[in-house]
Amino acid sequence: MSVVVRNIRRVDAELVEKYAGIGVATVHEAQGRKGLLASYMRPIYRPCHIAGPAVTCEMAPGDNWMLHVAIEQCRQGDILVASPTSPCEDGYFGELIATQLKTRGVAGLILEAGCRDVAEITKMNFPVWSRAIFSQGTVKETLGDVNLPLVCAGQLINPGDLIVADDDGVVVVRRKQAEDVLNASREREDKEAKNRIRYARGELSLDVNNMRGKLLERGLKYVDTPPEE
Amino acid sequence: MSVVVRNIRRVDAELVEKYAGIGVATVHEAQGRKGLLASYMRPIYRPCHIAGPAVTCEMAPGDNWMLHVAIEQCRQGDILVASPTSPCEDGYFGELIATQLKTRGVAGLILEAGCRDVAEITKMNFPVWSRAIFSQGTVKETLGDVNLPLVCAGQLINPGDLIVADDDGVVVVRRKQAEDVLNASREREDKEAKNRIRYARGELSLDVNNMRGKLLERGLKYVDTPPEE
Amino acid sequence: MSVVVRNIRRVDAELVEKYAGIGVATVHEAQGRKGLLASYMRPIYRPCHIAGPAVTCEMAPGDNWMLHVAIEQCRQGDILVASPTSPCEDGYFGELIATQLKTRGVAGLILEAGCRDVAEITKMNFPVWSRAIFSQGTVKETLGDVNLPLVCAGQLINPGDLIVADDDGVVVVRRKQAEDVLNASREREDKEAKNRIRYARGELSLDVNNMRGKLLERGLKYVDTPPEE
Amino acid sequence: MSVVVRNIRRVDAELVEKYAGIGVATVHEAQGRKGLLASYMRPIYRPCHIAGPAVTCEMAPGDNWMLHVAIEQCRQGDILVASPTSPCEDGYFGELIATQLKTRGVAGLILEAGCRDVAEITKMNFPVWSRAIFSQGTVKETLGDVNLPLVCAGQLINPGDLIVADDDGVVVVRRKQAEDVLNASREREDKEAKNRIRYARGELSLDVNNMRGKLLERGLKYVDTPPEE
Amino acid sequence: MSVVVRNIRRVDAELVEKYAGIGVATVHEAQGRKGLLASYMRPIYRPCHIAGPAVTCEMAPGDNWMLHVAIEQCRQGDILVASPTSPCEDGYFGELIATQLKTRGVAGLILEAGCRDVAEITKMNFPVWSRAIFSQGTVKETLGDVNLPLVCAGQLINPGDLIVADDDGVVVVRRKQAEDVLNASREREDKEAKNRIRYARGELSLDVNNMRGKLLERGLKYVDTPPEE
Amino acid sequence: MSVVVRNIRRVDAELVEKYAGIGVATVHEAQGRKGLLASYMRPIYRPCHIAGPAVTCEMAPGDNWMLHVAIEQCRQGDILVASPTSPCEDGYFGELIATQLKTRGVAGLILEAGCRDVAEITKMNFPVWSRAIFSQGTVKETLGDVNLPLVCAGQLINPGDLIVADDDGVVVVRRKQAEDVLNASREREDKEAKNRIRYARGELSLDVNNMRGKLLERGLKYVDTPPEE
């Protein structure tokens, strides 16, 4: 019943390149506040930013066997997304697997488990987002699946979906929506760039976004502090 | 029922300046081990140190509307303290609000929720203490209050109270006690400076603080390891 | 009933020196995946690496009195391991105790509680692994024990056992096993060095470790993505 | 600096009686969604319901000395509210203190720490809300305060404030607002009783509360499931 | 962009009936150890057991508006599955919504948030699995979706999928697999019934499942305790 | 390297019988506030009380194979204590193993992992303390140890040590100290019985335990509430 799906359809590589420098918060907002992985998924070093198609890997708790199987399915620019079938902080991932992924040109790893050898992995500049830093060894006894849809940190990830990850966390974009979300992200960035200039000059979002009227309508009252008793 | 209190009474600015370089642990001890916010309030970058009067902002869960309202009430040197009315990790705060606060000369933000755009906010050198780094978007639908007393991370904060925050966390000092606590902090620092020199020379706190007698009186026994079996 | 055991038998100093540069993950694997402290024990700064014999200190919750007693039992190269008798995040440890330990040549501290003054301790380059950064003050009222076996972060630690700690966390090695574990660690490092070279050339752990046969035997299937509907 | 305040002003006893049978959720809503203690405060047995004026007790971590001091300040119908100055799960409270409180006619205990002897306390029908069930013993070494305002489970509690607690948790009502909140609670209960009848007949809150128009206005779309592919 | 999907395809009602008395652990095993919701989803009272098709409801944090919309889409025997878009413990659900669901014959609620009025809901015998019991009020301001696929407590739930929930937790079965899983569950139950009789007679699973050989093969050693020193 | 130790030395059976009705809190206090397992170890039903010698079982994460091995080492009156080598909530234990243990007369199970089939196990009246209720299935692939010392929920447990568990949690008593702790427990119970009578008559622990003098000496002040402003 364990399956490795080969030759998945990936989000278009040219599209992916255009996500360079677009942050997780922007993408998340641009696609309608969806797709954000849980806040416990943290990068092992900062700053960091990657974007690329997901190769998915579901593993047994305390067993990293399938991670080895998944490496072979990863290509240049991919992001490996790996989750255990039940919550586990064990150290599924270390320097030796990092070396293999780095050599293949893999962009990074999203791991809903523990990462170890973080000093070495930081030195080799391979970005990892994980729920823990923990050395606990794993076994290689039980099969899982590669490139089936899985839930990672509260979000459904399909193989080939676009993953964007940075200092703020990780977001998933459906493969077929990557172009629309890119456009919406750029639009948002343009708008934010304009507003940033206004805010840097001292204008307030209360005015820039015309909030004052709605606030009063809802019943907001301004009062002054009474003189000291 | 939602209120913005203007022109709050702030802890005296000259006093605040004198808190430069005085750490959270010192202030907390100097005022009788009170006022420390919960340990989950962590700075988004280190090192960091700020002191200033609190502007308080209570918000609905998942709704950062009042943060926009609160900006306008902040002045040069203030510290914005913001809490949702029930536990929430959403990303209430990002680069655009940071730009507005920075432009107004606000010293920093204490946020019992999530912060996003941490790479950008780190670059602009605006210090934030938060309970999470999380991009989850918020809405602007529900009112709250600005400059009423609130509980943030387990401590009551009155508008105008002195906030001190550094790598160790965040502490609040009542506005009217800021001078006494400053004096006690300096006294403590002087004493610690003297002790540091003695400790650096090899003296022990057991002797410097005369603990040996009390330890024996309470029944402490010293024994030697028996020879190997 | 409170006891300080003096002159404990420590793991051999020459052995300890040979652990320089050997990481926690390696040691943990080399001794059969045992001895790892819980993942919530994190270093206050990175990178960091220490190895040395444990001096143990069990303390009352919210009471750091015994830490002062323990300092005197620490020698050059020791690692102080301190735990409260019930879970507590209070700030047992700060700059002044750090100064004393540093002066005595102590290699570092493993603290199942809170650490404060982390900016100063980072500056003085004294490594600490703790479960929290928290300034909450402690009292000096209740006795505990120094150099009795204790449980710290889920592991039994005997005084004199070898502690190794780095960016990945903390592991304990029984005193009498330190030599065997050193040898097994080196063997493991040698094997990993060879594999690293092969992986860096593009070989896969699937092949290097002969996993393919066992995977198929267990029933792993490879399938191709069907053409787009 | 440790103080016991005697003869506090309590919320009026006749008012308190009228809170019989009014639940925490109702009170919380009736006073504008304020005053709810954190969800980790759970009753040791269910069902349970109490209302009464708060006697407050702030204690050192791992030290229940002040609980003994607070007993004497409790009268018939009071609710003792006790918090440590830093987070602690130790077993501050057991059968012997429960016997004293029960004998004085105290209505129950709100304890931001651990409770022990829960089988015995359940048998004697003395209701306790706590953050943990844990036997860890405490010491009697450090002073605290009785009947000063304190923060318990995220809420400010003033001595004499009204506490209401039931299976859902714990809520605080300011002493001077207890009458208004009672009236608002009753109004809410009356309205809910009417709605309950309508709902039990099959009417929908969508209609009873006229939500349909606003939903459509905001952009809600109804679509049918397409026929099976 | 907010959508309510009507007339979803539900798992067959006759199939659902046959799940009466089949526990969550059995179903989870029978479908290959998949589909289990996170362990923090606990029933508000025990014992309890339900099975039925999922109606899904995704809501904004702190906002239960869509729950009211979802009620209308529920039919006799359905199970409502509701999740916020970011983690939230607020009290989305209470007695009045329970009355509406109960009146429509809904079998129960799976809620990745807080439940309130638990005493009343227990009395009316309406089963709820939730991540918290918490009264915190919610608003009705932001739209969400009804009957789109969602992730609840770490599992993907499609509208119409079969939900089974009992004292052990909650499991989801894909609509089209419900018959196969039923058959596998019954097979498992039959086998377990036979083994239960053997175990009750004193036989061991070591023998009943022929484990001894494989254990020895893997290297298990049996040794006797040496005589007391 | 995996070992099953047979014929362990157990705490004396006659001694164990005398622990009937002596609670965890009493035992913990009587042995000097030691030996308490972490508060997350909770009984699956209440009330409950057991005492007996420990049979220990260390297992791989997500792998309950050794539990089957351990059953055979359990005798009438034993308590099985089982821990994974790294944190894991999986459902290691269910009805079928419970049947085997019950049939052998085993008194109960202490499990630092998940328990499933809790409805059935409750019905068969077999007490279990666990860190979670969770059905997640486990595999049978990796060896562990039976009857070696292990750390469970923060405490060292030696095989043959006395375990006492009740509604309050779990405590371990060293085998050779079981008689002394029994005597101290009875002494404590006698003293508490006398005090309970005094407290039930209205006396206060302040007086019964002569605390007033020490409180004043430490600086406790009694003040009266000033008249209402």
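Per-chain numbering from 1; labels A, B, C, D, E and F assigned in written order.
Everything that follows uses one rule, which is that a contact is a pair of C-beta atoms (placed from the backbone, for glycine too) under 8 Å apart; a residue touches a chain by one contact, two chains touch by 3 or more.
Predicted model, so just to flag it, every value in this text is computed and none were measured.
**Q** Hey, what chains does chain B share as contacts with chain E?
**A** Output, common partners of chain B and chain E: A, D.
**Q** Where in E-F, C-F or B-E does the C-D interface recur, with over half of the contact pairs identical by residue number?
**A** B-E
**Q** If more than half of the interface residue numbers appear on both sides, call it same; otherwise different. Which is it for chain E and chain F?
**A** different
**Q** Hey, how far is the Cα centre of chain C from the one of chain E, in Å?
**A** Roughly 40 Å separates the two chain centres.
**Q** Taking each chain's centre as its mean C-alpha position, how far apart are chain A and chain C in Å?
**A** 30
**Q** Identify all positions of chain D at which a residue touches two or more other chains, and write them in rising order.
**A** 1, 33, 36, 39, 85-87, 89, 134, 136
**Q** Can the chain contact pattern be summarised as a line, a ring, a star, a complete graph, or none of these (other)?
**A** other
**Q** Chain pairs in touch?
**A** Per the contact definition above, the touching pairs are A-B, A-C, A-E, A-F, B-C, B-D, B-E, C-D, C-F, D-E, D-F, E-F.
**Q** Hey, which residues of chain E end up touching chain D in the complex?
**A** Against chain D, the touching part of chain E is residues 1-9, 65, 68-69, 71-72, 89, 91, 94-97, 99-100, 103-104, 114, 116-120, 122, 132-137, 140, 143, 147.
**Q** Which bits of chain E are touching chain F when the two form their complex?
**A** Interface residues on chain E, with respect to chain F: 23-25, 28-29, 33, 36, 39, 42, 46-47, 49, 166-169, 171, 192, 195-196, 199-202, 204-206, 209, 211, 215, 218-225, 228.
**Q** What does chain A use to touch chain F in their complex?
**A** Listed in rising order, the residues of chain A that touch chain F are 60-63, 85-90, 134, 136, 139, 141-142.
**Q** Hey, which residues of chain B end up touching chain D in the complex?
**A** 1, 32-34, 36, 38-39, 85-87, 149, 151, 154-156
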